[in-house]
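Order of writing sets the labels: A, B, C and D. Residues in every chain begin at 1.
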């Protein structure tokens, strides 16, 4: 049975989007993938190692990003956003905004000269999460797919002050285009899979944990960057404040989660595991370091997760304290953590060098607007609302539009991958119905 | 089959009738018991409380003597049994304790003899059948619950029992001699004998609960296989008047070898149960 | 002489941090048939692949070695790159200098560099003797088999059937629906399980693309991806035979038996029951409008205690793993109980409340707050019969004190374990299982529904305990994988299979029984052993057993393997590797 | 791991770090009512290195080594060897003990075993009563009546019996840390 080429729009190029796109591409459908960052890979690009096997995230991810980039049925629009969806199920017209990269990607060969020579170091780059720098012209990673840079317009000296242009001078193919305008393209698609992923709840919402005033209090993604061999410290865990190796670290779970009064009522599902992982990675790097974790309930429900947790306390010597931390503050060059051990009922005070906050997982801020564009519902927490909790978690209630991964609800990589393939199956079933209807 | 025998310190004191009935039952069944030579106190509950090595060393000496005697060793008292088994386990697990015991006592455990409580002995093939065959006075009016307590069954690493929660052989033995053995849920709970000196009131609280539950289950007596459990339960049951019988006394009565002197040693007189 | 190109990947600092990649290149350039050697930060990146492609074209490279990570990662990437510029992909070999070298010798750079060089030289020795091969093309049967008709199997089968593929469904029980049939209402919206299940069962029964065998078992599976031959015992005299291209295994779970919990009465206390039995009591109560009654004497239940983690998270005695669904359904059962028995009291004994899926935390909190459920953190030590009630010892969450509680009914949230017979199913489909008997996915993160055998996929709780939502998602994922598979007209298979040297073969037949894939047969007519290339997986068992060295693997010839080994028996290297 | 935790782990042979605080030990303990801290709390305190609190506690003397906790522990941790280790440490260090009667009994018992090789109840009990000053306390009369009953039933012989291998017994004590 030779398929008519029926096209599917996949919004989001993280592991969910990639999985759905490759499934669909392998099944003979053309895929239009739209990713808002310059390259695909999503949150996994930022990760160091993954639980419970502590496999290197890049090692498992890059074969997938490469496959996506080279797949004959997948058409990539990175550094782009969906701004309009018209038509109806089976015959949508999508309008895609291609943001200003200030680089002509047709000409660019990805040689990297511009990044190397650019004189501007930017600490605010969201990818490095405040613990590392990127240049004002950058790619997300050396293995980026596609391997094309963009200019950070907020920090580029030329765009801000009209002086510098080093990148334009060193580019051997003249690909730097300071005058580049955003463009809009339209594509015809029959179905849509939304896989826009997640972000972390901002730390500045937590006054009692001192964000903004305490540089050595970081979030989970910052810890990933510090642990990552391809990260800004080449895998060394160093305090942001003074670059020293921390002797004592504290990991605090449920920060912003399970707090219906002030923050998010829901459980973010992945923090228990990645917090244990963070503490273990830290101990692997600094054998004599001490790691204390504050938690409420240990939720290690996936395959091999409970065993991972047991190993963490039994063999790796992580110290778990059951109780919420009431306050974190700076004292000298230490960060003081005040908590309670509900198991012994006694107060616990730890003088830490580095504190990692396992922040609540939230939908990307752009998701509400995207939901409006697509005409699909979100729930009270801003996640996409599924059509049926049990048997329709990838359906949106709008025919031909499906959701996958963390934009519908928090889940780990394995569950995200399964969920994405599930969305791909539903899209394929939808397309085959269309074919039969047409026949 | 003949066995080595470790009577324990209480054999000639608080557990006189336990010792006497054990010897009587074994001889009636044609099993000889040979007391091992020059055995010493196993350390009771006190030795390991104060010092790890003394707690192992005292019973290990008995183990060494039993090995030299070359026959499986019967230890009726649950406390003594558990201590000797712990010494055996320490020897078998190797490590520092084993090395030190070897050195101090000049003895190498080869695992050639088995250490048996009466519960272990009853579980051996043929023992209960042997009992059934020799019953002279079936105890059809006797209704009991069996109580194992702690030291006969736990810890599993030491006793090697497959079930630490629901042993049943004492009941089987009682039924084999015609008695009614009732089910209850307290057979492996603790009687608190270790608290008897110093906190008699606390031991009494635990024992009273057991006696009450035994009565509630419809029992006229509790059958035990431990000197400490027996005396503790017999002494501290808030005047409920419930006899506490050694399993060997029950068996002895059915085999027709019971002595009135046994019953006279009890605080709560059981003699009425055997008329 | 060959024209070999060698590319050494830094893998960031993963390789280059330990192996002196520049020295390796310098050494390799001294070899006569190396026409190109270079190193680069990430060979798998686009620019890295471009370097390979350019060099192949510019220097007419006819053999390629990439020294990088494990071939499991990027062998495919580099084979595709070579193939794109006309180099046969089977003339490309990966030298693993990361997992087998730089990662394990981080403290000794000199040794690591020496070893890397030897690994590359060994790989070059092999690639020199490689032959250009073509993929084996085999036809494909576009029919699917789904084993198990619980919610996972039904979901997978309906998607496959809706996508237009004929789907054979085999269910062991007489009725379809699996465990969901035993449930009352579901969390978190208290939807009746029947309302979820019935429409799907009906759709399955009526679907023209579905062939349903209930009360039946798969008894034999032969063949390979694209063409599995399956025998199904249906209870009739002769088994039914079906040919299918892809298989979904969805054999579900059972609860670990109450009898295994000695300290909880081992099934001897009638009012101590497992959670599925309690679902039955809830169902009865909902259907009759009567309160939930206890099994022993039918008295309406006033106090019920739920014990979570019964048999789970207990590496010493029972199951080491978390059963994932118990926290969720226990909260639901407690809430439903209070709906059915107004004024009844429900107590939950737990260790950690693991209500981690969407809306579950809010649901559980609501049940605690509004339903007044009492959650006690602590494991129950003992459960026994106390008169006509059930008593238990547990601990109080706030004071840490010991507590004796009496109840009319105790519900054990027993561990979830694989359905009985999982081992036979695993053997039939050549799908491996983990130490707990759950089917093993081929990658814990990125291939959660693929089994160890190509064309066999895993859905639902047979892979690991999961709730209905996750079971359905996983089931649909298997349907997607099967649809991707069926989009092909024929399947391409690696040609790295066994071949027979007709001059050396004595037709002794030893290779026939040793082959685990049934790929060997003896051609009595010409007295030669044959290889069914579609079945052969290139495992090499026949090579080892053949007394005449007549069996050889393509591009894995004995002489190639020995050549590689020789590189590692040089005394200086053997010493270095200690 | 805290140094105190390592020390107890070493002495008891129990892997304390496996404890995930499920409290099953506490739930099954027959004597926990008389502990200042429940069983799981004791493990927790060891993990946190609260040496003085534990070695001076009643809890360690109220454990009767019934092994219920260890038998049911999902992680196979036995508290009795842990309690033994704590008690032995307290005795070695000569700590003031909040349960003098219990300690006095253990010392009288072991002392008797040391002296005769076997325990002789009459002299042992006399020593215990004297050292524990139990006769000064409330409830003594009840205890004494119980003892008297046993005596009357001929359950407490007057003369001790002793073993020949006293040299071996002495060696066991000499090799220990125990001072009576």
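FYI, contacts are C-beta pairs under 8 Å (C-beta built on N, C-alpha and C of every residue); 3 or more make two chains touch, one makes a residue touch a chain.
Bear in mind that the values here come from a model prediction, so they are computed numbers and not experimental data.
Of all chain pairs in this entry, the one linked by the most C-beta contacts is A-C. Of all chains displayed, C has the C-alpha centre closest to the centre of the whole protein C-alpha set.
Seen from the C-alpha centroid of chain D, the farthest chain centroid is that of A. Averaged C-alpha coordinates give centres for chain B and chain C that are 52 Å from one another.
Work out the mean CA point of chain A and of chain C, and you get 25 Å between them. In this assembly, the C-alpha centroid of chain A lies 57 Å from the C-alpha centroid of chain D. Those residues of chain D in touch with two or more other chains are numbered 20, 37, 40-41, 68, 75.
Of all residues in chain C, those touching 2 or more other chains are 263, 313, 315, 400, listed in ascending order. Contacts with at least two other chains are made by residues 298, 310, 343 of chain A. Working note: touching chain pairs come out as A-C, A-D, B-C, B-D, C-D. Residues of chain C touching chain B in their complex: 262-263, 265-266, 268, 384-387, 391. On chain A, the positions that touch chain C within their shared complex are 1-3, 15, 19, 23-24, 26-28, 50, 52-53, 55-56, 59-64, 66-67, 69-70, 109-112, 142-147, 229-230, 234-235, 258, 260, 265-267, 269, 272, 297-307, 310, 343, 345, 383, 386, 389-391, 393-394, 408-411, 413-415, 417-426, 428-429, 432-433, 436. Only residues 298, 310, 313-315, 317, 319, 322, 341, 343-344 of chain A touch chain D when the two sit together in their complex. Per the touch definition, chain D reaches chain B in the complex via residues 11, 30-31, 34, 62, 64-68, 70-71, 78, 80, 84-85, 87-88, 91, 99, 101-102, 104-107, 109-110, 112-113, 116-121, 128, 132, 134, 139, 142-143, 146, 149-150, 153-157, 161, 163-165, 168-169, 171-173, 175-178.
By the touch criterion stated above, chain D contacts chain A in their complex at residues 1, 15, 17-18, 20-21, 37, 40-41, 44-45, 47-48, 75.
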